[in-house]
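First chain written, first letter: the chains are A, B, C and D, and each begins at residue 1.
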Amino acid sequence: MLRLSIRRASTTTLTPKMFALKNNSLSTATEQSLRHSDPPKVPNLIGGSFLNSQSSEFIDVINPATQQVVSQIPLTKDEEFKAAVSAAKQAFPSWRNTPITTRQRVMLKLQELIRRDMDKLAMNITTEQGKTLKDAQGDVFRGLEVVEHASGMASLQMGEFASNVSHGIDTYSIREPLGVCAGICPFNFPAMIPLWMFPVAVTCGNTFVLKPSEKDPGASMMLAELAMEAGLPSGVLNIVHGTHDIVNAICDDEDIKAISFVGSNTAGMHIYARASAKGKRVQSNMGAKNHGIVMPDASVDATLNALVAAGFGAAGQRCMALSTVVFVGDATEWKNELVKRAKSLKVNAGTEPDADLGPVISKQAKDRVCRLIQSGVENGAKLLLDGRDIVVPGYEQGNFVGPTILSGVTEDMECYKEEIFGPVLLCMQADSLEEAINIVNRNK
Amino acid sequence: MLRLSIRRASTTTLTPKMFALKNNSLSTATEQSLRHSDPPKVPNLIGGSFLNSQSSEFIDVINPATQQVVSQIPLTKDEEFKAAVSAAKQAFPSWRNTPITTRQRVMLKLQELIRRDMDKLAMNITTEQGKTLKDAQGDVFRGLEVVEHASGMASLQMGEFASNVSHGIDTYSIREPLGVCAGICPFNFPAMIPLWMFPVAVTCGNTFVLKPSEKDPGASMMLAELAMEAGLPSGVLNIVHGTHDIVNAICDDEDIKAISFVGSNTAGMHIYARASAKGKRVQSNMGAKNHGIVMPDASVDATLNALVAAGFGAAGQRCMALSTVVFVGDATEWKNELVKRAKSLKVNAGTEPDADLGPVISKQAKDRVCRLIQSGVENGAKLLLDGRDIVVPGYEQGNFVGPTILSGVTEDMECYKEEIFGPVLLCMQADSLEEAINIVNRNK
Amino acid sequence: MLRLSIRRASTTTLTPKMFALKNNSLSTATEQSLRHSDPPKVPNLIGGSFLNSQSSEFIDVINPATQQVVSQIPLTKDEEFKAAVSAAKQAFPSWRNTPITTRQRVMLKLQELIRRDMDKLAMNITTEQGKTLKDAQGDVFRGLEVVEHASGMASLQMGEFASNVSHGIDTYSIREPLGVCAGICPFNFPAMIPLWMFPVAVTCGNTFVLKPSEKDPGASMMLAELAMEAGLPSGVLNIVHGTHDIVNAICDDEDIKAISFVGSNTAGMHIYARASAKGKRVQSNMGAKNHGIVMPDASVDATLNALVAAGFGAAGQRCMALSTVVFVGDATEWKNELVKRAKSLKVNAGTEPDADLGPVISKQAKDRVCRLIQSGVENGAKLLLDGRDIVVPGYEQGNFVGPTILSGVTEDMECYKEEIFGPVLLCMQADSLEEAINIVNRNK
Amino acid sequence: MLRLSIRRASTTTLTPKMFALKNNSLSTATEQSLRHSDPPKVPNLIGGSFLNSQSSEFIDVINPATQQVVSQIPLTKDEEFKAAVSAAKQAFPSWRNTPITTRQRVMLKLQELIRRDMDKLAMNITTEQGKTLKDAQGDVFRGLEVVEHASGMASLQMGEFASNVSHGIDTYSIREPLGVCAGICPFNFPAMIPLWMFPVAVTCGNTFVLKPSEKDPGASMMLAELAMEAGLPSGVLNIVHGTHDIVNAICDDEDIKAISFVGSNTAGMHIYARASAKGKRVQSNMGAKNHGIVMPDASVDATLNALVAAGFGAAGQRCMALSTVVFVGDATEWKNELVKRAKSLKVNAGTEPDADLGPVISKQAKDRVCRLIQSGVENGAKLLLDGRDIVVPGYEQGNFVGPTILSGVTEDMECYKEEIFGPVLLCMQADSLEEAINIVNRNK
């Protein structure tokens, strides 16, 4: 198990090199001593330096399969946040004037380095987020594809040229970087989503301030190190840790020109409104309640496999997870077989080779999932499979929820109206395709 | 019936205005006298003037439903051809330097004028080419869509602009016109295909020499008049008539930079090779033997309607016509119903309101179609429906072939290997989709 | 002088046809009677019907050259506004499913109709806004170019298609309309800016609610009529009149998905924040203080002509007007010649053939311009040319300001920090190009 | 000095791995023995195997600075050529169906490997082609940029998608690979031009047959090894050696769908015509006579530096080399300074660190350059600087030509009409910019 291993060193500046070194080569003895003393503190990245926060408040990063404290992130102080934005602002003029070909080459190198460290990244994700190693590899890989895409930015950023649109007048357009941009990340894809954000932004010539999820910041830290190893200049990518206060500070800061957010609806709408009020451009990617419609003439085998994968994969903690299936006509009879296949999934710590599903992210998340299942039962839904009381040997403290299937769900139930974000599949019934489509379209 | 009505006036220059006038407003008396004297001669369009050719050789343009001579086209003399190219070459520098917005506005006007004269254009097509008025309207309409498209050329012709690709270096691309371009047209779509060619070419800033089909030049002449009415400057579009010699002259001319051709395989391969040898860019759109595969679980009604329309529409004289259908498994039994529907199609002169199919283009074409049907029969194919001996009352001289269906066709038959280009549908049989696909892919 | 001539007819629905008719063919007698009775009221356009507002509050539309009341716009009632949005919402499903080619053809027709009515549109603009007829033609023409552009929307709205991105997976993107969009227009370009907005929006498949400037709504009304004559279905374009309350209603309405605004900084920032807080997409095009830098080796003649045109054209009421010129080194000596040329400009009502400059939009605007000139003088700038006291014979009541030139302007002066939006050119001085560029970049 | 070191092993198949190994790790003893025995033979690459040709005819690859035989290329036998095309044809179906993302990743790896082996590639180029090591690095680098570009092919190869263009009809376009493509390379950029050709072609899904220049095949061989190390499947890239016969075989082969050629006008026109006659797509990039115009108010220093670099860089053996300069007015007096700067250039073997110019490619090339200089002198041009008799110590056998400047050149001289392709700058004179531009435009 990889662990971040920065010692509490109040004002020491760790260069990326140092950071990387310590990260990889601490002796077992040191690791032991660290384990028994304070958990390591995750530094901010400001102007090219990994700096421990001066804050007195820290939050634990917890392994959801074991409840072990993996590390601690600071509630970054306002002056530290300002320093990060300032570093990004200072880095902008020279970075935007760096030829696009040079900027691309940093990405060409970064994709090579991410491939090299794929296993380390995946192990960190499993440790902090809980998903299986295979899912964690997929998490990195989906992000890696964006780095590859950013490697071809010169073509994508080209403007247009029209000659002689009027006598003696040529016109052209240039796609220019905006300046300092910021990204606010959710916990469910700790590598993919940071990699959606900063590679494209910086290759376009912007500089960046990234706020990883406070629940699993490790992958962002490792990716930032790799970016710097790949040649990204100091100040182009900065990282600050924290929760609501940092999010608000990002929304309000005059020097930040644009924000990319992925996460819950509540947070997304807050950020869109608050940051727009300051004249920012905001991209807010929020939650969804994805439905599948199953027709009676579909291929049984392919359909059930797809439902099981989409409904329970990554413990249902994906914005693209399938949370609701509407069976049309006789297809409803496939539910027994669906339960059978769901039962066969192995719930275990993500590090275990046989795991199909890992734990959900936190005790709170598990409690919420269980509460919504219970409310479904109380509202009249039928519990075909109940994963709430699962115990995983060796990981008795983990936030595990087994695959759960509720049938007879109706549109008025709370379990249907809320996004559950856990391995719970709701089954509904419709007489015709039209009725099924209407159900889907009535959902917000 | 509209008819071109240029009197034989050896050296008179007809301005477009005059031409249009005569075309539309000749008194019945004059029409009568023309009908009994020589048929009108179709002029060339050179440098903005409609000029009768000095040639001593002319070819009749014949109404395929009546055998009436509609007009005559000249075998244009070499010096006349050279004058047309020279006019296009002279017009090029000023036209290419005309702002793209101005060039677009000619197309914006042209689309308006084509709509205005839609009925006249369709009537001319039916008269010279034979297809029904509805098909003739479709012929114009498909070309009109290209004129509309050319109206937005400024967006389509934009190059790309990349700033600061290396320190202090911006790069951009410009899409430039080539110079004099030429188009060589087939008889089957006398409005659509000229409109595929010159509107895009000239709006891009090229100048053009068009050779219409010698069988139905009327639509091209009317379109050229409309283009000039729309504001296309003299010399930007030129028209020359003729046959092989003109085609070869186009291939060989040093001042023509690019050729667009639509027509038969033989001509297309000749033109591609001959013009390329002179360093030209050549676009050669040739024939095809289109197959349809019918699976037994397809919708019977929709499938048969589609087969009848694709197989017999426009008397099969479309490069996209469906000439062969491969029935898989039990679908083969639908043939009886197919015959029934094909039988119900009304064969008549295109000007008659009840016509579903008009005549084929010429006596030669009819003979060739009949010969290929006969060879199929002799090679063992079964003639489910025979349209060879059809007689259309009032149009007994017309080149009519009724819908014809041959079944049991095999890959070695001549009727299968040759493009028939008539209302003949060949039926084949396969046991599986794979076998059907293999048949299609084995065809050249 | 063209005038809107809708009689006060409390609940009469005027069809577009009727509206157009009355607009054009009232007898002089009727016009006289209208002139002596109430000014005409401008109707809203809701769901395809021109409807007079039930509001009890109206605002005068005033001819800035004569102070004559041209018409009155209503402060539209909230239920009328809601009816307009509702009409747009209802029209959306069928309009978005109308093929893009059909939608384009409405624009192809609209551009033809705008050309036809160019003179009428220009006369209306001059009457309500004050600019010269030539500038008014330019106003329409710049908008017409956008309609032409929208005629090629099919190419511009295409998504991308990538086949086999992974085994058996094709991906494609579709550019979809958003739903109901809204536009909020300024007074300075009463034809161009509405034409920036609704043609692109509706051709993409959106439906639209337009709020014209309360100072010159006439061009918008005429354009809406033309759009309907061109075939735009009822409800696709709607118009509501009013001031702040309507703007806020647009910002807050749940059914409006996006807003396009052009106007002042204050309004723009308010709208961006307020509408974004409701999750809308907002495009806010605001003011600017444009500078020109003049080098001593520039061509004197071309430079001075450009300065005079850019500084005083359209009475300086353009967001792209040049309000400040920085002379580098000896170029400062050209000021005398600049004054001479500015003096030669003829200030007159826009309808007069010799007018180079018309009046500014309102008495308030004139007062503001004069106050800012005065503050410049008081802060130490030198008044090289003073246009404040100009009197135009026959138009003594007009809001005229003649070309005005202040030199020795410095960065701390109020006249420099505020956007003057009148025919006032500020002259500054720099020793070098670098210094001049620094001045420009220091300006907000 | 790197040397290819394939022993004469008539039928041995060398795998890429073996080839690479031998290439890099032969002991000094072996090298000595090879040097004294036969020069190594360059194998073809067919279907993933490096195969020595069975041909009895070989051509020497000669180091132009020393006349040493570096290696020998075979005049590949027809059946070997056919085997290469056949391998490419067989590899096509599976390679075209390989996801574009996978194909891109081969390029992402290839760019990494080319960077790794940059020095080795440059040394090979200097050895076989003669240019300086710095120029050789540039040669590789310009090609490397194309590999980087090909790494983003997924974006570039996307088609377009238009939904609902007519009721219920979506349309999309796919950019498909053609099949087997071929490239024919010149000697002057032995890395850059092969890298223009095969990376783009294969990443698009085509398979490839490359014919390197017979004068410097080494870089192509090394690049092919790297491509296979990067994961390019067997048969996707094939290499055949030879001269005219292979070129003609490529033109005529039925299975080759497209040809890319870079080289002389004579060869280019021949290939364009011959391959087009077989229906192929041909891209023929040929020679040019590039002119520079120098105005008297240009910056003297920057201009002369640019002239010297463009005229004599890479010994003038670039299609973009500047061979003619037209001085306008007084600028003609700069010639003395031009001569001074040209004289200061150091002519030496490319491997020597102080070399500014290396030798020209062959004795024949040197003879031709000298002959054209002499003809200029005889036609009345003035020889301001004569590089013909240069002797380079230690490389007395090299094909060296020093910088040469002829002034008073006129349009009728042979040295002006022919492309010299050596370090020779022709000076002309014009009275005005217009005259200078006319001179340039009169040149073919």
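Methods note: a residue touches a chain if its C-beta (ideal position, glycine included) is under 8 Å from a C-beta of that chain, and two chains touch if they have at least 3 such contacts.
A quick note: this is a predicted structure, and the numbers were derived from the prediction, not measured.
In terms of C-beta pairs in contact, A-B outnumbers the other of A-B and B-C. Of all chains, B has its CA centroid at the greatest distance from the CA centroid of chain A. Chain A and chain C have CA centres that are 45 Å apart.
Chain B has its Cα centroid 57 Å from the Cα centroid of chain A.
Averaging C-alpha coordinates per chain places the centre of chain B 48 Å away from that of chain C.
Residue positions 101, 154 of chain D are each in touch with at least two other chains. Within the complex, the chain A residues that touch chain B are 97, 99-101, 154, 157-167, 169, 172-174.
Remark: chain C residues 101, 104-105, 108, 111-112, 145, 148-149, 151-156 touch chain B in the complex. Chain A makes touch with chain C in their complex at residues 269, 272-273, 276-279, 282.
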